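Down below are the structures I want you to see.
Two complexes follow with subunit A in common, the first pairing it with subunit B and the second with subunit C.
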Partner chain A sequence: MSNTVIPLLLDSLASAALIFFAAVGLTLVFSVLRVLNVAHGSLYSIGAYVAASICLFIASRQLSPYLSFVALLFSAVFVAAILGPLIERTLIRWTYGKSEAVQILITFGLFLMLEDLQRMVFGVQSLYEDAPVRLLGTSQIGGVVYLNYQIFLIGMAVLVVIGLRMLIRHTRLGRLITAVVADREMAQSIGIDTNRIFILAFSLGVFLAALGGALAMPTSGVAPGLGADTMVLAFAVAAIGGLGQIEGAAVAALIVGLARVLAIYFVPSLDAVAPYAAMLVVLLIRPYGLFGAVTARRI
Partner chain B sequence: MRVVLAAASVIVLAILPMFAPWLQFVLTLAIAKGFAALGVAILLRAGLISIGHAMFFAASAYGVAFLAARGIGDFASLLILSVVIAALTGVIVGAFLVRYRAIFFAMLNLAVSMVFYSLFAKLYGITGGSDGMAVPIPSVFGMVLSEPAFKDVLFYLSLVLMVVVGLGVHRYLDSPLGHALSAVHTNEVRLEYLGIPVWAVLLIAYVVSAALAGLGGAIAGFAIGRVVPDFAFWTASGHLVLVAVLGGIGGVPGAFIGALFLELLHTAAVTVTDAWNLIVGAALIAVIMFMPKGLYGLFAREKGAER
Partner chain C sequence: MKFKVGLTALAFAAGLASMVPAAAQEKPSSLGLGIFTFTSGPAAAYGMPGKNAADLMIDDFNAKGGIEGVPVKPIYVDEAQGAQGVIAEYRRLAGDPKNQVMVAALSSANCLALAPIAEQLQVPTVGWNCDTHQLLIDGKSKYVFRPNGNTIPEFIAYAIYLLDRKPDVKTVAIINPDYAFGHDGANIFKAALKALKPDIQIVAELYPKMGSPNYQTEISRLATMHPDVVFSNLWGADLENFVRQATPRGLFTSSQVILALGETILQRVPLPDGVIVGVLGDGWWMSPDAKANAETAKFAEDYKARFGEYPVFPSIKMANALIYVKAAYKAAMQKNGGKWPTRAEIADAMKGSTVATLTGTTHTRADNDGLVDQIVGVTVKSPDKPFPVIGDMVRYKGDSLMPKADQDPIAWISTLKPEFVKTLPKPGSYK
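The block that comes next holds the complex of A and B.
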């Protein structure tokens, strides 16, 4: 039994790590900006496309394959630095304080535009370059073969959880963000540049999404439709954890990953249903999510 | 005056395919989506945004395919039964969901619709997986028709239904029950104090909107001749909201005008460019940003929605 369950568990943990990257960005943006970004999944797939293009370029020039690891990180920074401020300044800022319906519709419009822009820039064929996976190779524990890259992914997710917690609890920027989340008007009145915080927080969310996409690319490639698929999964995870809860998103990603393992193990045909069924059950019982609270601080 | 205008546009719609036969399919599909968008628009009146109404669209389309495969070959029975299926689904889903508001209502609808989507896509033995199911040409009152003849019947029936159902929905929205919806939007507590059960008001609206989406789905299923899981995907739900908002959610014609406008523009645009979503996305953002008056009551409570 362990021979089948452990690889499955590792597999689902790795995919949970990837969904976590997308969900934590969504949840971070929601808690600071109070905007549900429906286009968040597109930023994930753009990160994947940029990473794939750079990695393919590295492979075609026969540069050192280790550069592809740098490329994965660089593409996330690149996407965040360009699209983060651009989208926040031109579109998202306009929706602050508007009803959820307006926010959802504006960002859905953005989603449609980004989907077509990706198609125009990167084409409709799927891109795939697994140099990072091949570099890390495989290892064997107890007769079961693992991809080391999967363990790398899980490590990265843990790193992001710890990093975000450190950022928010122990840095000046983190305290400024906490202040803005707690009371936007008060933060503004004591001289915090909320606009700057919004740009930074949104760009950080874009970075996390793009990083998730970039890290996912070597395992599964990228093709049109990835953004839409990721969006609902990220949404499910963020909602289960409670919108605005960073650690909640991590736990929710684990729950979704586990639900998938159980589904694959017992009813293989229902593995795709598991995340949404979990979301449905959690939301019906606790609409604010597992860790969300109506009045508690939201980060 | 408005009645004359509406009648004139329906007559133009009825005559148009005689000169341009290829338009018939486009118009049938537009009317189908108009029904679904009308359903979404009813809920928008109460300030509830559903990113999941494609599930009723799909439930009814799959209902047609299932019943047809089980030997029901009559057009009228298939249409009525599939709308009943959508409405019953609406009763069950709505009974749980109308307790929630704002973003939670939107998210729960999304969750349910994605459960539907993955079930349609994954239960290969029952639903045919991502290949979907074929919708055969049914008999109309015992007459076996050729495909073009059936498509004619379908188109003109859709037109008639658009007028009849449209009038019905107009009456509903103009009734105390319909006005209670905007009252939910402005002040829900006040409504409860007046002794009007908000839960029941919303559940009725939810079931009506599900039935409308179902009617649209059944027509679309017949028109396309195949149902696929993508009917229930969340982007399809998003498009329904988009149509409802673009058309303006103030009145019944809005949804159909929005759907016709988008489908015709789509047909024209695909010959020139394949960046269709880019155009629609930009148009949606532009409408919301610069033409809020076209959006009637949706933004009326902007200030109140701030927290």
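The block that comes next holds the complex of A and C.
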């Protein structure tokens, strides 16, 4: 029995870690900007492409493979620093206060452009460099060989949850973000530069998306189409956790990860629908998600 | 007088009208070929080698004057847009009489969607990949042809090779993509095993969504089942991801792995020795027959020079499909006295034809399905290539693994007996 239970739990955690990275940036951006960014999945895959390109460059120049860990983080920072302010200032800012339909149309247009841009820049073949996986090696747990990198990802996800919590609750920036989330007009009236907060929050969301893609790349590579798949899963997780709830995204990722792994182990034919079945059940019981709350609509 | 002039004009006009069919059969300025493949999305890893081969072959045709003296103009359609888009593109291209033949398609789902339209519009359509055995199962097709064979011989070949190489196999796990090709492949492989070695147990069947980037959970599940054999017909980026994730986790050492489309990744992913791989047909560019063919060697070297990699079997399937089209024009023009053929004449020429390809021959049966040999082997290190190649090969005759045209394929497989394996050539016999 333990030969199934331990792998099942470990697989659930490892799967949840990857799912969490895909969703947390989306939920953060929604919590601050009130914008559902449909292009989020593309930012995830761009992070993966940039990480793969830099890691392949490191390998081709026979530089220290340990630099690939730095490359993963650098890729996310690079993508966030370039695309975060650029997208927020040129596109997202025009959607503030507009209807959800307008926001979705604009970010969907952005998604299509970014998907084509990736094909033009990175081609259509998959890119892959697994130096970080090779460096960390493997462990036998519950009779099954696991990549230590999978365990590293679980640790990274926990770190991100703690880091985001500390950022929001214990830093000045976090308090400013909280004020903007609570009441945008009031925050402006007391002198908070909301435009700056929006740029920072959106760029942080881009960073988290790109980091997710970069961290996933060494195990799963990156190929065209990754962005669309990621986006759909990220929406499911954000909906389960409650849009805008970071801890909710973490719990939702665990639920989705567990649902998917249980399906693969016991009912493989339900593998693809398991995350969405979990979402359906949660939303039937709690329509605003596990951590979401009913909010009054302003008229 | 006026009446006479009118009659003369009428006769002249009638003469002109009677000349139209003849004029229509004069050689056009160019021959359009609609070529359907995946040029984007995860399936492009399989589709692009096909397109590359088409580019190379058509350039070669045109350098030698085209097909029967007419330059070939390819029009590529990306199958990643989905069936509705593919159907719309097909109809648009078919509406132009210059586009006489369609080379369509890669995806079995798209082939099934296009087949009735090809019949309706009466456009010769050559499935360059189109593996599903369901495509021509009713035996009534007039315009749809599949020169590269179907899933029945392709997957029976793996079962036979496995039983020859590992006769003591007891447990098998399957991981295939979750669509028709994955499920058909699993059903054929299981049916063949059940008929040829009834005591084999299938301990797991996993069908991950096509395009999944992550197979870690599936690999854990396979590892917990400890199967003697893991069979997979994953392909494209999915196959690359699966192999890259499964290799460090020891799946290739704990089980005998069969990768039905493994040849496509030999140059891209380091596969360990001893993995059973094949080419879903005879399209291995390093097979003894291919090596003996100067044209194939030139194609492989030209391909390498132009695209940076040697061809993979989807490239060969595309090249062979184009050779098949070219041969049909030649045969049709020989039959009609050298006139440019109509679509119907081209289809007629394809029926029952036997065409020498880069890697063997393809014979088109009465049901328009192609008979091609099946090459299977295992990965071995190459003395002169920086990637593994196929060794310990066997080449099964195309007709030996195919049911008759009017037989239900799965029912036919169930009639096979364990002794059937003994009648076939053995691993290592194809040198």
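Criterion: the second predicted complex is superposed on the first by the 286 of 299 C-alpha atoms of A that agree within 3 Å, B and C clash if a C-alpha of one lies under 4 Å from a C-alpha of the other, contacts with A are read in each partner's own complex, and residues count from 1 in each chain.
The working rule: a contact is a pair of C-beta atoms (placed from the backbone, for glycine too) under 8 Å apart; a residue touches a chain by one contact, two chains touch by 3 or more.
If you're wondering where the values come from, they're calculated on a predicted model, not measured in any experiment.
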Partners on subunit A (subunit B, subunit C) - clash or fit: clash
Which superposed partner A:145 touches (first subunit B, second subunit C, both, neither): second
Subunit B versus subunit C as contact partner of A:235, first or second or both or neither: first
Which superposed partner A:102 touches (first subunit B, second subunit C, both, neither): first
First, second, both or neither for A:111, with subunit B first and subunit C second: first
Which superposed partner A:246 touches (first subunit B, second subunit C, both, neither): neither
Contacts of A:197 with subunit B and subunit C, given as first, second, both or neither: neither
Subunit B versus subunit C as contact partner of A:270, first or second or both or neither: first
Superposed model, subunit C segment overlapping subunit B, candidates 24-32, 114-122, 132-140 or 420-428: 114-122
On subunit A, positions contacted by subunit B and by subunit C: 119, 269, 271-272
Subunit A contact footprint on subunit C (complex, rising order): 39-42, 44-45, 48, 178, 204-209, 211-214, 216-218, 220-221, 223-224, 237, 240-241, 244-245, 248-250
List of subunit B residues in touch with subunit A within their complex: 44, 47, 49, 51, 96, 100, 102-104, 106-108, 110-112, 114-115, 118-119, 121-124, 233-235, 238, 241-242, 245, 274-278, 280-285, 288-289, 298-299, 301-302, 305-306
Footprint of subunit B on subunit A - complex, ascending: 36, 38, 91, 94, 97-102, 104-106, 108-117, 119-120, 228, 231-232, 235-236, 239, 243, 269-273, 276-277, 279-280, 283-284, 287-288
Subunit A residues touching subunit C - in the complex, by the definition given at the top: 3-4, 7, 10-11, 14-15, 18, 119, 124-126, 128, 130, 133-134, 138, 143-147, 150, 216, 219-226, 229, 260-261, 264-265, 268-269, 271-272
